[in-house]
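Heads up, there are several structures right after this.
Both complexes shown next keep chain A, but they swap its partner, so chain B is in the first and chain C is in the second.
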Partner chain A sequence: MGARRRARGAHARRHPRSRTRRQVVAAYLFVLPALVAFGVFVFYPLVKTAYLGFFTTPPAPNLPSHYVGLSQYRSVLSSSDFRDSLWRTVQFVLYTVPAGIVLGIGLAVLANQRLAGIRIFRTIYSSTVATSAAVASVIFFTLLNPQVGLLSYWLGRKGGSGVLQSSSLALPAVSVVTIWQNIGLTFILMSAALQSVPDDLLEAARVDGASSWRRFRSVTIPLLSPMIFFATIVGIIGGFQSFGQIHILTQGGPNNHTLLLIYDIYKQAFQYDNTGYAAVLSVALFAILLLLTFVQFWFFQRRVFYAR
Partner chain B sequence: MRADRRGVRPRAGGRADRRAARPPEPRRAKGSFGLRRPAGRAARYVLLVAMAVVVAFPIYITVVNALLPSAQIGARPPTLFPTHPQWGSFRIAFDEAHLGIYLRNSTIVTVSITAAQLVTSVLAGYAFAFLRFPLRGVLFMVCLATLMVPVEATILPNYRTIETFGWYDTFPALIVPFVGSGLGIFLFRQAFLGVPRDLHDAATLDGYGHLRFLVRVVLPLNRPVTAAFGIYAFLNAWNQYLWPLVVTQTNSVRTVQIGLRQLSISNFNQIDVVFAGTILGALPIFVLLFVFQKQLVRGLTAGALKG
Partner chain C sequence: MRKDTARDFSDGRSRRPPRGDAMTSDLTAGFGERAVGFGERAEGFGERAAASSVAFEGVTKSYGPVTAIEDLTLEARGGELLVLLGPSGCGKTTALRLVAGLEDPTSGTVRIGDQVVNYVDAKDRDVAMVFQSYALYPHLSVGRNIEFPLRARQVPAPERRQLVATVAESLRLEQLLDRRPAQLSGGQRQRVALARAIVRRPRAFLMDEPLSNLDAQLRVEMRAELVELHTRLGITILYVTHDQVEAMTMGQRIAILNEGVLQQLDTPEAVYDRPANAFVAGFVGSPPMNVIRGRPVAEGDAPYVAVPGGRVGLSPPLARAVEDRYLSEVLVGLRPEALSLDPNGTIGAVVSVVELIGHEQHVALRLPGGQLVWVRTGSDAPRMRTGEDVKIAARGAVHLFDPQSGKRIDADPQSVERAGTGSL
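Here is the complex of A and B:
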């Protein structure tokens, strides 16, 4: 063995075969932990979820489940329950995303001025980034309590039925809580984008006689558009994954009026033990989010190329 | 110089702007806006304050209510300022409402997840950036693909896996499924690609192994991305809701997010305790926000790419 090494020694630098092999071993050892985790907790369960959708859940716990192939997918996805929860989710996204982004831009523009004490306002506007969905929901759950809630009192709903118990107001109320909770993040994103708008461009527009509104609409907004697009996609994806606020504020009620797709999955899987049904819904949610992520990736790639 | 110019520039009010836009108007002529500027500035402050009130009110009223005695919270008209603050509610929330335990649990889980994600992502990112090995491209795409799989799509089988391992209602159930991060691998690979190859060659000549080169050279050069991803991972792990809800049952492992919900249902006759508990539950992240503001912003903007 010593002879072999000596014989190769002269060429070791040009043909570092043992080094190459060591490098390959090191590389696999380095990627292994992440890949094992992904295999066990991402890819295997993903496939398994789709597979579970082929089986109907038996009516009693100890009976065998039935293989029904695609028919469960067909029946669940064409059911009015699925369409309703999907539509409510879309409504929720429509309530939260555009309003959140408009508010975020407004606050970012407001806080982008050079005024004394502006840092205090920036801190306040970004503060809700520290509130999780649960924190925001518990605060509003208490404020909206029909008996002792301050907001209920100001809304003139003291004593009677609360906002969260109203079939027409529950979803808007959950949306408002979500918008508030996300304001901090949207503000931070929009501020970051706003600060990258070159002063020269605004200055040039000003010299050309553009009013401040015109400068905002024709210079700032177009330059913000990549971030607006990002925030939109991230907001939609987040909307489809919003769970904590529903669980704390309404549990999907009243009368399923806040039963979003994700909450339906949770209910079917962990309250009704309806595994097959929940699996089909999970696959549907995955497909929707996949589509949105593709749009985002496509856009990200474009943006990277623009930047170069 | 530049700052001076901006200082005089009118920002609100179309008419003032158009007047200013006329070329003959000298830039440093402060006097020309002498009358308008104070009014415009006041209006801007009014708007700033109004929005600050809207955004901060829920947090403010939470603090106020935590300091009021329970009976006074329901009083109408409502008390908007605590004249005799009572701090006892915080102690009750911490001890009797178990916020102390929840915070400990969340800290254990979040620190473990963050540390694990940093280690696995740095290692894999290094391999993808510096080392040549078969299937490198494919495996990198596999890592990226995990970005497209939301927790919700895997929750059913993962729940069963946890049960099979006998991990239900334990810390491993909360930690182990999240030790890998596709976003982390992506970010570290991108950052490490910016490290000059000469450094690698020089380190190799000096007899550095990969691990030593990574720890001594690459990581110190990439502190910003490490901090940004660390904060992002921490925030994400801390805010998890659905998974901890599903795999925990007892207070001894329950995290803050789930604990807060518990608190809001069970202590409803002691509403000041609910508010105090909410503050305790949110406080760690508020502190984090103030200490690591810059890294947080960077982490969130990087995270925005993920969704």
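Here is the complex of A and C:
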């Protein structure tokens, strides 16, 4: 009996999955620093935020806040203010992501030609990666200045009302800045994907009688599709988190026309001291991004079948 | 009996795809039965293009300072299976790509049938190419892969379906039409690549080492399969390989290339029996022909070539040909099967390596100068021991080559009927 148990023990130790107590302790010691960092900067704020959502913000400082349970979640999430800022965010994503990807693919295809000096263009196209949202915003803020801005001049709005002050043009303008700022990353992603398309597939398609457009549509694009999907998800997540350009260009104005979800959170929390309200919005934003991330994980697990 | 076994395997296919021998012999059996059907259909759409000749006329291809192909003149006749053989980097794949239109010649003319195609885009050349990697579209099903060239040419859907079905049946791919290439075995991918090439009946087929990614056994099976396909469809095939066995067994003619220059264009027999130069002699055959440097000696009516360790006798006409050229040195070519181990032999050597290959032995012997010489003997011959001193006798054809140009030296055809044959 004892011998048998010993034999089983020996077997278990040989098995790669089973670990001794010492190994488990050592493993946790190794991940401890990361756990502490995540705990302090991610998990604790996350829980605290969700918790803050249960309290209404007092009308004046130094008054006690009231525990209201889920009722604040219900009222905020069903409010038209929330729906409006969510819808504006969706619009913003719709303006920026598809256009950014189409442009990124276009530039990647152009820069993938075998031409002398093409590296210069590759460098230029990818250069916006090295530009922060703040810098990009300041550049465009100047360009769009109604008095001295070059873009305002070209758009025939010199001296008139500024683009960023127009309720119909402010969100598109912020979107253009965002597209410009993201183009470098999209370009790099698409170039990498494009270079991984095997030459012999395109040559096979050519010999098979496919025109260049057909080769692009039927071979290149399908082979780029995993990267297109990745760029789309990353773009959407980035869109939901776009803050710098809004803050510098419009501060959510004019008349809340560029008030995206995340800027709403910022305003509620740090301008109106409405922490309860902001906490609810933060939890909503977190839920949306979590969902998108799961979609991405799911896709990349499925993609295994795609490999040759 | 063996075929029955294969059938049993194929019945179980739904559960587990048959592999290896079972699959391929089953495949061959299927071919016989279905060949007629395909042939009939093939004639049905054969009117679009007949098998065309493919010709290079003085073609040179350079990449900057590097010349991949130099002044190549060569024609594959309509319906011929012509093999381009050579070591890697010899320009054979470049030649194929020039026909496909994936490269443009630096100078010279490429012709398909009567048409000069130098300035015709690849997509309009109406040739099919089978790539070494198969180049199957990974995102498309097998059926869609085969259909691709038809879609590209805007063949109407009903005709497309019919053609794909016919070809799939002929290559035993019906069960696999919905699979993705990633789910197929190497042999299956190979057949899909072939199906995609065949489906539109192009003017010529270009095959770039199509069997090199298969395991040895499957390669032998597919070799026969391709030859059969060629015979059945009467198509022109330009077939590139570095494998001389493949070239010898498949080609109706073989074009041997080295460093971009055509060395010899001839039937497999002629290439083997009468290599045009020392390169061809050393490249074709396994083990390759032994090429030994020696000094011709005219000694009355028994001329010979003095080589390290002894002598190789020459026929008087061949000796005369050497004499006419005032050569002080020649390269003697002796196939391993033209040599034997014989106590009365004329060359002394030391046994270095013995390879027993079932029905025969390959014995590597070291000559006094250090050169290795291969001798092929029957497996019933006594086993040699490494380090043993032996004598070699030359019993078969003796080939001579000019040591400067490497060119073959033939006896004057008038003085002897079968040139190049020397005897001891």
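Of note:
Basically, the second predicted complex is superposed on the first by the 274 of 308 C-alpha atoms of A that agree within 3 Å, B and C clash if a C-alpha of one lies under 4 Å from a C-alpha of the other, contacts with A are read in each partner's own complex, and residues count from 1 in each chain.
Just so it is clear, contacts are C-beta pairs under 8 Å (C-beta built on N, C-alpha and C of every residue); 3 or more make two chains touch, one makes a residue touch a chain.
As the structure is a computational prediction, the values presented were derived from the model and not from experiment.
For chain A, the partner touching the most residues, choosing from chain B and chain C, is B. When the two complexes are overlaid on their common chain A, residue A:L290 makes contact with chain B while staying clear of chain C. Contacts of A:L223 after superposition on the shared chain: chain C is touched, whereas chain B is not. By the document's definition of touching, of the two partners only chain B reaches A:I188; chain C does not.
Judged by the touch definition given at the top, the superposed model places A:A204 against chain C, while chain B stays out of reach.
In the superposed model, A:L70 lies in contact with neither chain B nor chain C. Within the superposed three-chain model, A:P45 lies in touch with chain B and out of touch with chain C [touch as defined at top]. On chain A, the patch touched by chain B and the patch touched by chain C overlap at residues 206-211.
Residue ranges on chain A touching chain C, taken from their complex, read 198, 200-201, 203-211, 214, 218-219, 222-223, 225, 305-308. For chain B in complex with chain A, the touching residues are 2-3, 6-7, 9, 11-14, 17-18, 20-21, 23, 41, 44-45, 47-48, 51-52, 55-56, 58-59, 61-62, 65, 73-74, 76, 78, 119-121, 123-124, 126-128, 131-134, 136, 139, 142-143, 146-159, 161, 176-182, 185, 210, 238-239, 241-242, 245-246, 256-258, 260-261, 263-264, 268, 271, 274-275, 278, 281-282, 285-286, 288-290, 296-297, 300-301, 304-305, 307.
Within the complex formed with chain B, the chain A residues making contact are 20, 23-24, 26-28, 30-31, 33-35, 37-38, 40-46, 48-49, 52, 106-107, 110-111, 113-115, 118, 121, 123-143, 145, 147-148, 150, 153, 158, 180, 183, 185, 188-189, 192, 199, 206-213, 230-231, 233-234, 237-238, 241, 243-244, 247-248, 262, 265-266, 269-270, 275, 278-279, 282-283, 285-286, 289-290, 292-294, 296, 300.
Chain C meets chain A in the complex at residues 100-102, 122-129, 131, 133, 135, 137-140, 148-149, 151-153, 180-182, 196, 200, 206.
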